[in-house]
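Common to both upcoming complexes is subunit A, partnered first by subunit B, then by subunit C.
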Partner chain A sequence: MELVTNIPTLEMMSKCSIEPYDAIYLGNPYCWDFEGNLMSNFNDLEAAVEILREMGKKVYVSTFAAPRNADLERIFRLIDRAIELNVDAIESTNYGVINYIKREYDVRVHAGGFTNIYTKASAELLASIGVERIMPTYELSIEDIERLKEVNIELELVIHGKIPLGISHNCFLLQFKDDIGIECPQLCKQELWYKHEDLVLKPFGDATLSGKDLCMYEHMEKLSGLNIDACRIEAISERIGYRERVGKIYRKRISGIFDRKDFEELISLSKYGICNGFYFNKAGQIYVGGV
Partner chain B sequence: MIELLAPGGSLEMIEAVFEAGADSIYAGIKGWSRRASRYELNDDELIRAAKIAHDYNGKLRAAINAMPKSSEIDMFIKKLEFLYSAEVDAIIMNDIGLMRVINERFPDLDIVASIGCNILNYQEAIFYKKAGAKMIVADCKLSVDELKEIKEKADIGIEVLIHANTDFTYLGKCWMSSYKALRIEDIDGKSYFIGSPNRGGVCFRPCLMKWRLSGEKVFAEGFNLPNSMFLLLEEIPELLEVVDCLKIQGREYSTNLIKNIVKFYREFVDSCVEKMSQDQKIDLEIWRDRLYRLADERDAERLRKTIELMRAAESEIKL
Partner chain C sequence: MAKIFSFQKPHNSYNISENFNDLRGGIKSTRLNINNMKIDLMQLVSPDIEDKVIYVGLKGFSRYSDENAMTLDEIKELCNSKRVYVALNRVVEFEKVREIIEKLNCEGFIINDLGTIWKLKKCKDNPDKRITSSVGLNPVNSLDLEFFKEVGVDIVVVPPELYDELPRLRGRGVQIESFGFALVEMFYKGKCLLSAYFDGISTKRKGTCTKKCLIKWDVILGDDFKGHISFPPKGTKFDVKADFVKIEGRQFKKFRNKKVSEV
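This part shows the complex of A and B:
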């Protein structure tokens, strides 16, 4: 089972933080203007690919998650460049872009979590056009995901981190730049949260992430039973140290070692607590006790 | 000729909107659409709805656009067999994989790709067409220029919402509501996801709660995440040149309010068509006052419903 994570910029690529992983998704798919975004900076992208190659890691490139007409040419340029760099796969969450890549290029395609894959019928459709891997919508439970395994397509699931809860056409945070006193693109690098009573969300570019960290540490056996192909640490909005620590803990966990201290460390790394997302047919912010 | 599509939240509403001038209506299939079940129709009502629509020389679109579970696909197809036999004119659906399946089984049944598909660009429209969609419901955030480009490059029918709301997020790609609260009920083997609009349950409208923005300190508080209703007016003459269908949302509103909104748009669209055919200027002012009055009525109804939904979310959390 492949352990993967995502890294938005070259600056966020320390070798220590990459080491626990088998593959890395490069680029921040939620905002073109994110400072240093590997989707927009091809020199940095080339350097990042080189680092990963030297470390023997697979290289995946993410594309903008909610592309309008005007974004398409830019995405196609990114794909051209990624293919020149001989990356291992392109991730897209847009059916139009996915179909275009499969029609025009010879490269692996991973359909990401915003592709809205709820049923095996959609998984079958994507398999029929040659898509190699899917991430089901975050709203699916383990029993729903089990049915997707009936389709001959690789499956990737989030096992830890802040899951995306929605994506918009713009960055709402920009409305508050005067209140905060910081301009874009520094704005979303701050620790900022939307709060209402106990509900916490994290704004990040055009996306809104869960305030809590989805954590499947105690439940890895249930996911292993699904025979999934890759598990992802969602760390796109996190600091380098988080990606490194969480990666190391799950590397151990995947090899079958359960350590209560590691679990406690995961809890301590999550500022607003942990949850299980939708894996257990509960509201996404709820945590179901495990082992 | 542009189609004016109105909501059919009940048989009473269906009669009323056809009387008010709708060309067609859409109705949710009980348990299978993106609205609470009290605004959906059961099988008997659906058969009657089709008859009413056809008696008015109109059309009925059946909304079966909640995302089903994979284990419910057989039920979904059985429901489609029923809809086909009930002579609905088109179905509105969301899951692109099932769209392909339905298109292969019922090739003469028109498929509309729901607003929940969140189709944002012409490449995506091309793919949905390939999967079987005859028409797409455009996201409310798309500009007229974007719609034109989609129309030109994908050559597909386009429906736009002229009375609806723009959400904080793209519709169909949001699970903030079910992250906050979710309850699943099983009725006759079908799951009902209360709190997940994508899966057919109500949205608890977390956008409309009072939020605060916190970091090292509280930077702002008491704000909503943008979620506002709109009633288009100025845009309509240009849309008439680009799109195929103008949709009025509102199955959950009172019949009287929806009837008045439909009547307003019927008169406005007809007036625009007439003036445009004679190269005459359209005087929007006389229409704007009427629309503002309708908007006030609508806002009052919406506020009551939002409060109900927020209370419902709180009680779900306490369960």
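This part shows the complex of A and C:
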């Protein structure tokens, strides 16, 4: 089972933070203007690919999550560059872009978590056009995911991190810049939250993420039973040390080692606590203890 | 006094509470009484609705409207006198959708899962049914429309946020349905998991939404309180030219509890 994560910029990429992983998704799919975004800084993208190659890691490139017509030219340029760099796969969450890549290029395509893959029929449709891997919509339970395994396509699931809960047509953070006194693109590097009693959200570019960290550390055996192909640490909005620590802990966990101290460290790394997402047919923000 | 940040309004936006009847102009209510059946309409496609196409929800399969949605038998009866499209826009597995479709002799269906549409179109037993892809599938560019056409979609509902881009989306071999009046929400329609995350209610699969976007959220920078923000849907009128024009609002009581005679 492949352990993967995502890194938005070259600056956020240290060898320590990459080491625990088998593959890395490069680029922040929620904002073109994110400072140093590997989706739009091709010199940095080339350097990042070189580093990953030297370390023997697979390289995946993310594309913008909800591309309107005005975004397509930039996406085409990104795809061309990614192909030149001989990356291992391109990730998209947009049906039109996914179909375009499979029609025009000979490259692996991963359909990301916002592609709206709820049913076996949609997994079959994507397999029929040659998509190699899918991440089902975040709100599927383990039982729902079991049905998708009947389709001949790789499955990737999030096992830890802040899950995206919505995509907007604009960035909510921009309206805060005058009051907070921080301009784009530095603004989204701050720790901004929406809170209401115990409900928490984290705005990040055009996406809004869960305030809690999804954590399946105690439940890895249940996911292993699904025989999934890859598990992802969602770290797109996190500081550099988070990716390294969480990756090391899950690398051990995948090899079968359960350590209560590791679990406690995961809890301590999450400012607003942990949850199980949707795997157990409950509200996504609830945590169910295991083991 | 705490700063109140405002959710960015699209142009032409109205508060939900005002001007709804004015916005609707000559278009009749979302609730009609035909053949003595109360119908909570998905949308209206023509001011002259009673002579044109009617969209209805099927109980258990339609978003929002179970209270006023119709039974299979009621829809069958309606199909005898009207051109009817049935909303099956909660996401369920293909087999369930196919079972329903085989029982209904209507003109078409609205479906919220691209794989299900693809499999239905491949079935040789339903060649003439017209399929509308729900706005929940979130087509946002020309490549989407081209792919939806390849898959077998006849009519694509495009998000209201794409209002300005309609001219560039035409000519892809599919008909376009666009919003004449819409509630522009916190997220693109079909891309919101807030209800499922906070309350365990999947809007896509259960049809309802707990509207957590309406909460007055504290904005926190680090640990410092900076103000409040909420994301109420903005009722917005669009002067669109599309093959079909959709008038939204049935999920809010304000818009729902009107009868034809009151409009």
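Note that in this section the second predicted complex is superposed on the first by the 291 of 291 C-alpha atoms of A that agree within 3 Å, B and C clash if a C-alpha of one lies under 4 Å from a C-alpha of the other, contacts with A are read in each partner's own complex, and residues count from 1 in each chain.
Just so it is clear, a contact is a pair of C-beta atoms (placed from the backbone, for glycine too) under 8 Å apart; a residue touches a chain by one contact, two chains touch by 3 or more.
Since the structure is predicted, the reported quantities are computational estimates derived from the model, not experimental observations.
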item	value
Partners on subunit A (subunit B, subunit C) - clash or fit	clash
Subunit B versus subunit C as contact partner of A:K261, first or second or both or neither	neither
Subunit B versus subunit C as contact partner of A:L125, first or second or both or neither	both
Touching partner for A:L148 - first (subunit B), second (subunit C), both, neither	first
First (subunit B), second (subunit C), both or neither touched by A:K195	both
Common interface residues of subunit A - those touching subunit B in one complex and subunit C in the other	66-69, 71-72, 94-100, 114, 116, 118-126, 137-139, 147, 165-169, 172, 176, 179-180, 190-196, 199, 201, 208, 210, 278, 281-285
Touch list for subunit A against partner subunit B, complex	66-72, 94-100, 114, 116, 118-126, 137-139, 143-144, 147-148, 150, 165-169, 172-173, 176, 179-180, 190-196, 199, 201, 208, 210, 278, 281-285
Residues of subunit A touching subunit C in the complex	66-69, 71-72, 94-100, 114, 116-126, 128, 137-139, 147, 163-170, 172, 175-176, 179-180, 190-196, 199, 201, 208, 210, 278, 281-286
Residue ranges of subunit B touching subunit A (in the complex, touch as defined)	67-71, 73, 95-98, 100-101, 117-128, 130-131, 141-142, 146, 149-150, 168-170, 172-176, 178-182, 184, 195-196, 198-199, 206, 209-216, 219-220, 225-226, 316-317
Subunit C to subunit A touching residues, read off their complex	3, 5-8, 91-94, 113-116, 118-119, 136-148, 150-151, 159, 161-162, 165, 168-169, 186-188, 190-194, 196-200, 202, 204-205, 212, 215-222, 226-227, 229
